[in-house]
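What follows is a set of structures for review.
Paired with chain B in one complex and with chain C in the other, chain A is shared by the two complexes that follow.
For the complex of A and B:
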C-alpha cells in the first residue's frame, strides 16, 4: 500500500466493481431523461394551452422546481414517497422519481421555447387542412421543435448524466461513488479520480458528437 | 356556397372588418383586392375560421361557422387554403406534405394518398419532385406544392392569400398558370391578389376593399372599365399604370 509513484493497475483490478457503478449511472441517466422529457413535454403543452388553471399550475410547478437545489429534491422524494405510498420503494426508485420530476421542469422550458420557435404560419397551414389541435402538435409542431432543440436537449442530458452522482446522498453506489470507495480503501485517489474524470469526459464528448452527427443526418 | 353576412371584426380597439357582406357561388372566381391593411387577408381567413370575428355570420355549405356543433376541422377539410409564405412543412418531403392531411383527416390509406399526391404533383408540373424537401426547391415550386397539398383534400373551394406576393417576379407566372388552369377547370376560388392580369382573364367578380369595408362587389369587366368609387379608381390607376 505504498503511495510512492502511481499505480494504474488499480483500475483494471477494480473494473467489474466500477462497471456496476457505471450501470447504475447509465440506467439513472437514461430513465431520468426519458421520464423528464415526457413529463416536460406535457408541462410545456399545458403552459402553452388555452386552459388557464392548467397553464398556471404548470407554471408554478416549473418555477418551484427550478428554484430548489436538486439535492433537496432527492432528499424530499426519498423521505416523502414512502410516506405518501405507505411503503418504502427503495433508494433507486425514489432517486429516479426525484430526477424525473426535477428535470421535467427544465425540459419543459426547453420544449416550450422549441414549440414557440415554430412559425405560427405552420400552425395556421396545418389547421387549414382540417387537422385537429392534437394532430397539428404531433405531426407539425413537435417534430420541428424537437429538431430545433436537439442541441439544448443533449446538453441537458449530459448535465443529468453528471448529476446522477448525487445518488450517493441516499446511499446508492453510482460510478463516481464506486471509484470513491476504491480510492479510499486502497489509498489511490489520484489514479481513481483521474480515471473517473477521463470517463466522464469521454462519454460526454461522445454524446455531444453523436448529437451533432444526428443533426447532420436529419438535414440531408 | 359561402355566405358572409354583416361581419365585423376588431383587433383590440381597431376595427379591421366592418359590415362585410357578400356571397360566393359554386364555380365563381372571386378576386379580393385593395390597399394593404384593408382587411383582405383577414376576411378570407374568417371563411375557414383561422380568424375569429365578433359580429355577423359566415356560413359555408349552409353550416354556420359559429354555431354550436359545427365541427371546424371537418369544415376546414373542405376549404383549401394557400398562403403567401407557402408554409410547407420543412421536416417532411413534398409527398409527405401532401399526404399528411388526407391520411390523418380523411383516413385514407397510404397507397391511395400517395397515388393522389403524385397525380397532383404532375398536375402542378412537379412530377419527379415527390421525394425532395421544400428547402430544395424554388419559391414558385414550393407554392405549387402548397397548392397540390390543398387540392389533395378534394376541397369544394380554394382560398388564396396573396399566393404570389412572396415570389421573385420570374416565378409568379408558373404559379398563376396553375391557378388559371384550376379556375378553368371550374374550381370555386377566392383569391386575394394584386395580379390584375389574373383577375381579368379568369376572375368572375372583384371585391374591392378599403379600411375594412367591401367598397365594390362587381363583375370583373365592369370593375376594370368603370370603377365607381374614387378609392378604387385611384387604386387601379396606381397598379395598372406600370
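For the complex of A and C:
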C-alpha cells in the first residue's frame, strides 16, 4: 500500500459524508452532556440529601458506573434497552442512553463537589429569609455551585466529545466510523485516520483554550 | 419483558474459560501499559517543569497531542497507520513478525496515552515538593539528575499517590478499547458470550463484577501503600494514622 503513495484528495471527495458523521458526533456530545448533567444533578442532590436509602442508592449507582469502562456500558445498554422495551430503538438512541447514564455518574461527582463548596452559612441565611428547601437549592446553592465547577464541567465536555468516538464499537456512524468506512472501502487508512486525528486535535485544543479563557474571565 | 435467565451459563465451558482469559488479558494489558506509562510520564512531567525551554516545549507538546486525540483514534494510528509510514522492513516487522501484534500495539498505545496524564500529575507533584529541597540538594553537591532521583521524585511520588492510583484504575478501564483492534480482553469476552448465547445480562453482569473486583482490589492495596509511604508533618498525615 505504501508504494502507491498518498492521495489526500480522498478527503475533499468525502467531505459531505464525513460532515454527516461529525454532525452525529456533535449531537451525541451535546445531548450526552445535557442528559448526563441533568441526571448527575439529581444523583448529587440525592447523595447529599437526608433520606438515607436514596443517598445510598445514588452512591452505589455512581461507584458502579465509575468502575466499568464506557465500552462495557455501551454494550450493556445496546443489548439491554431493546430487551426491556421489547423493540429495538436503533444504535443512536442506545449509545446516547448509555452515555447519559454513564456520564451522569461522573457529573454527579463534579456537582457534588461544587455543592459542598458552597458555604453552609449561605443555606442558613436563605432559609432564615423564608425560602423553602427547593428554593434554596434552585436560587442560592446551585447558581454558586455551577459557577465554581464550570471549568471542570468544560473539561468533562471535552472528554465526552472524544469518548463519543467509542460509538465505533457498535458501528454507529459518528465522525470516526464515517472515516473508518472510507478507509476500508478505498484502502486509505493513512489519510483518513490522520485527518480524523487532526480534526479531533484542533477541536479539542480550541475547546481547551476556550475553557482556559473563560476561567481567566471568571477570576477577573 | 421476555427473557430467560440462566446464570448457570457463567459456570459452563467454554464461557467460564472465556471470562477468565478475558480477565487475565485485561490485567496483563493494563500492567504492561502502566510499566510503560509510569517512567515515560515521569520523564515528560520532569521535562514540563524543567528550566530548558526545549525540554518544556517537548514535554508540553507531548501532553497536548496525546490528550487532545481520542484514545481509540490513537490506537488506529498505531495499528493501521504506523506500519505503513515506517520504512518497509520496520513496517513488515510490526505487521508480520512481531508476536501478538494486537496486544503489543494496544499496550504501547495505552502506555503512551497514559503517560500524558501521568506527566500532568507528576508535574503538579514536583511543584508541590517546592524548590527549597531541590536547591538544598544542589547546594550539597548533588547533580541535577541525582537531585531528581534521590530527593524530588521520591517525595513527588508519595505526595501524588492518590491521583496516581486513580490513574492506575483508569488504565484498566481504558484497556477495553483494545477490543477495537481484536484483542479479546474482558469486555470483548463478555460481548462474545452474549453473541453466542444471547445471555447478555449474565455476561455483562459478570464483566461488571470483575471490573468492580479489580477496582476494589487496587483500592485496598493502595490504602496499605498510602499508609506505608506517607510523609510526616503533612495535613493528611494526622488523619491517615488513626
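Everything that follows uses one rule, which is that the second predicted complex is superposed on the first by the 206 of 220 C-alpha atoms of A that agree within 3 Å, B and C clash if a C-alpha of one lies under 4 Å from a C-alpha of the other, contacts with A are read in each partner's own complex, and residues count from 1 in each chain.
Just so we're on the same page, a residue touches a chain if its C-beta (ideal position, glycine included) is under 8 Å from a C-beta of that chain, and two chains touch if they have at least 3 such contacts.
None of the values given here were measured: they were computed from a predicted structure.
Chain A is touched at more residues by one of its partners, and among chain B and chain C that partner is C. In the superposition on chain A, contact of A:125 is made with chain B only, not with chain C. Contacts of A:135 after superposition: chain B is touched, whereas chain C is not reached. In the overlay built on the shared chain, the residue A:147 is in contact with chain B alone; chain C does not reach it. Contacts of A:176 after superposition on the shared chain: chain C is touched, whereas chain B is not. Overlaid on A, the two complexes show chain B and chain C touching no common residue of chain A.
Residues of chain A touching chain C in their complex: 1-2, 64, 67-72, 75-76, 79-80, 83-84, 86, 162-163, 165-166, 168-169, 176, 180, 183, 189-190, 193-194, 196-197, 200-201, 204-205, 208.
Residue ranges on chain A touching chain B, taken from their complex, read 119, 121-122, 124-132, 135, 139-140, 143-144, 147.
For chain C in complex with chain A, the residues that touch the partner chain are 1-3, 64-65, 67-74, 76-77, 80-81, 84-85, 88, 91, 169, 172-177, 179-180, 187, 190-191, 194, 200-201, 204, 207-208, 211-212, 214-215. Residues 45, 48, 50, 73-81, 83, 85, 87-91, 100-101, 104-105, 146, 149-150, 153 of chain B are the ones touching chain A in the complex.
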